[in-house]
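Please go over the structures that come below.
One chain, subunit A, appears in both complexes that follow, with subunit B as partner in the first and subunit C in the second.
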Partner chain A sequence: MLEINIVKKSYINKPALSDVKLSFPRGEIVGLFGENGAGKTTLMKCALGLLTYKGNVTLDGAPITKKNIEKLSFATGEHSFFPELTGAGHRDFYKEHFPAFSDKRFQGLTEFFGLPLHRSLRALSTGQKNQFEVIFALSQGADYILMDEPFTGNDVFNREDFYKVLLGILEPHETVILSTHLIEEVADFIGRAVLIRAGRIVGDVKTTELEDDGKKLIDYVKETYMYQPDRVSRALEQITGEDAL
Partner chain B sequence: MKKHISVFGLFARCSLHRVALILCAMYLLCAAALALRLPGLLAKDPAARLEIQFAKSGVILILRLAFAALTGFLCVPGSKAASGYTLARLRVSGGAVFLAQAALNMLAYLLLWAAQVCAVIGAGVLFVKLTTPAAGMQAVFLAFYRNTYLHALLPLQDVLLWFRNLCFLIVMGLAAAEFPLLMRAKRRAFTVLPMAALTVILFPQELSHPISLFVAVGLLIAMVLKLAYDFGTMEAHTV
Partner chain C sequence: MKKLMQRLSPPGMNVKAEKAITVICLILSALWGTLYFLTNYIMERDVLFTVRGGKLVPKQGAVISEFAMTVDPGMIFGFYVTMLIIAGFTLFRLAYFYQGSKSIYLMRRLPQKGETAKRVLALPALWIAGTALIMLLFTGLMAAVYLLATPKGCLPAQPFKDVWEVFACWKSIS
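What follows is the complex of A and B.
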């Protein structure tokens, strides 16, 4: 269980996370949604120990240290790989450092996406770089796979393929926490949605609960964010001075 | 230990092609400079000594530029802030990661040093064979005594100069590794610039003016203190 206990984080007196309390049992695919600047990335980086914060984050009851950090992996749109190194070079490096690294999964995914293993990652397209980033995170052998906007720059078919592959390959003990703006696209693939706004958790729901209530995820998100559907027409009225449609 | 070697290997894989590129470019440029400028210089002054011809043909300038280029290239691997997210997930400590990169940098500078000595000896032997074959190797070794830069490259029996060069080598290895360390922490990193500038300026200084020796030792102490400060303040930022 990954537990985030009353975590607070501020950037130069500007609060980024306020008393965030969440727990992630094993075997879930969680969507983490929020507007730009809501605190999604900060939350993930705090969980990984990449940022300082107040509060505590534990993994199976133990604080996250060098001893258990390998149970967390991270795929980010910022690309955490080494651009000068090849895919094969990364595989060898990961094998040395992460005892649970899955060569089979790495091989299968790179073949599926037709990725070149012997070219430095710097020379690849943004989409291919994203694919490698996600593949490294999935192959590391981590129990918690944190993904922060990993598909920026990939086309819709590619993303669809990835979600399907993800569902097919995940082991029951693996949890994926996926931060994305593509709510409708991932709605069928996630089991739980966590909504964050201005550094606070404003919604946390299992998708089965939504199904039972006959609600769509996007409607739940809009409802939680108190989205005003008429705000566009009102704005247009103000700008143009005419009645909008 | 295997994991530490693996981190060293990671940086080596990221850097070696760059080091090879610089050495090749340095050899090519030296050869081109000698081929283009020597005939004219010899026509003007056939009796000019080897070291003077080297200086006038621009070989020494190329050797200095190679040092600057190597420093720039060694600062690149691991300097992307996001690469730090992967390094942070390793069992190997941040200090060990830094030391692995610093050790690799020192090896790269050592390689450049050796390559420069080879380049000068090789070009010198060729020059002597073509101009004054009777002078033999003696002329080449005399050049290493007469020119301050060449003497610093191969100090022969000057033990203090070897020691000073070793200090410069360690300082530059540490400074070039500090740059990516600070970049990963999203902090300003500029120590490598004054360190490289002082090394370039002071490297050809004779030890009859021992200032370069004192400065080299001073730089080493300053670099160690700066690193202690870096790690101290970074420690405060860890969870």
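What follows is the complex of A and C.
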């Protein structure tokens, strides 16, 4: 169980996370949604210990340290690979540093996406870089795989393929926390949706509960965010001075 | 050796450039040091001789300055500059983890302690140690030239008195 207990984080007196309390059992695929600047990335970075924060994050009751950090992996749209190193070089690096690294999964995924193993990652397309980033996170052997906007720059077919592969390869003990703006696209692949706004958790629901209520995920998100459907027409009226639509 | 260098460097980093800069700096330092030594030494040595009957003969009672007085720290100044340049490599190595991606995130997630520090500091530290050793050997070589090329009767009683002054580069700067 990954537990985030009353985590607070500020950037120069500007609160980024306020008393965030969440827990993630094993075996879930969680979508983390929120507008730009809502705190999704900050939350993930705090959980990984990449940022300092107040509060505590524990994994199976123990604080995240060098002893258990390998249980967490991270794929980010900013990329965390070594641009000058090849895919094969990364495989060797991961194998050396993460004893649970799955060579089989790495090989299977790189073959599926037809990724070149002997070219430096710098020379690859953005889509291929993203694929490598996610493959490394999935192959590390972690129980909790945190993904922050990992598919920016990938085409829709590629993304669809990835979601399907993800569902197919995940072991029952693995949890994926996926931060994305592509709500409708991931709606069928996630089991739980967490909504964050201005650093606070404003929604946390299982997709089965939404199904029972006959509600779509996107509608739940809009409702929680108090989305105003007429805001576009109001803005256009204000700008043009004419009645929009 | 190549593998060891890779293990002590940021993954994927081309160490060749650092090696080339280090080797060039060492060659230039040795050339500078040799010229510096020869210029100073020849001037000191010339004073020891006089022309008698068309021949150079040592002056009666003439004694050359001690080794440390003959060369001063200017001789090994280049080696200190080389060490500073190598120390500067650590900044480039650290910056490597922020270039083109945020690989520092991966480094910080590694279960092994001190992996980033090892890959940033270890090789430059070894090269600095190597440069210091070469500097010592170079100074030893110049000391041997001083000892062998100076007529025995012109050597001071303690030719290597305060020899460590040769390395006190900061004194010549101040």
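By our rule, the second predicted complex is superposed on the first by the 245 of 245 C-alpha atoms of A that agree within 3 Å, B and C clash if a C-alpha of one lies under 4 Å from a C-alpha of the other, contacts with A are read in each partner's own complex, and residues count from 1 in each chain.
Basically, a contact is a pair of C-beta atoms (placed from the backbone, for glycine too) under 8 Å apart; a residue touches a chain by one contact, two chains touch by 3 or more.
As the structure is a prediction and not an experimental result, all values here were calculated from the model.
Colleague: Overlaying on subunit A: subunit B and subunit C, fit or clash?
Modeller: Superposition result for subunit B and subunit C: clash.
Colleague: A:R122 in the overlay: touching subunit B, subunit C, both, or neither? Say first, second, both or neither.
Modeller: In the superposition, A:R122 touches subunit C alone.
Colleague: Between subunit B (first) and subunit C (second), which does A:F132 come into contact with in this model arrangement: first, second, both, or neither?
Modeller: neither
Colleague: When the two structures are overlaid on chain A, which partner does A:T76 contact: first (subunit B), second (subunit C), both, or neither?
Modeller: Both partners, subunit B and subunit C.
Colleague: Can A:Y144 be said to touch subunit B (first), subunit C (second), both, or neither?
Modeller: Neither partner.
Colleague: Name the contact category of A:F101: first (subunit B only), second (subunit C only), both, or neither.
Modeller: neither
Colleague: Return first, second, both or neither, reflecting whether A:T52 touches subunit B, subunit C, both chains, or no partner chain.
Modeller: In the superposition, A:T52 contacts subunit B only.
Colleague: After the overlay on chain A, which stretch of subunit B ends up in the same space as subunit C: 73-81, 127-135 or 217-225?
Modeller: It is 73-81; the other listed stretches have no clashes.
Colleague: Shared contact residues on subunit A for subunit B and subunit C?
Modeller: Common to the two interfaces on subunit A: residues 48-50, 66-67, 69-70, 72-74, 76, 78-85, 89, 93, 97.
Colleague: For a test of understanding, state which residues of subunit C touch subunit A in their complex under the given definition.
Modeller: Per the touch definition, subunit C meets subunit A at residues 10-14, 99-106, 108-113, 115.
Colleague: So in the complex, which bits of subunit A are touching subunit B?
Modeller: Against subunit B, subunit A makes touches at 48-50, 52-53, 57, 63-64, 66-67, 69-70, 72-74, 76, 78-85, 89, 93, 96-97, 136, 140.
Colleague: For the complex, which residues does subunit A have touching subunit C?
Modeller: 48-50, 66-67, 69-70, 72-74, 76, 78-86, 89-90, 93, 97-98, 120, 122
Colleague: List the residues on subunit B that touch subunit A in their complex, please.
Modeller: Where subunit B meets subunit A, its residues are 2-3, 6, 9-10, 13-15, 17, 76-78, 80-86, 88-93, 237-239.
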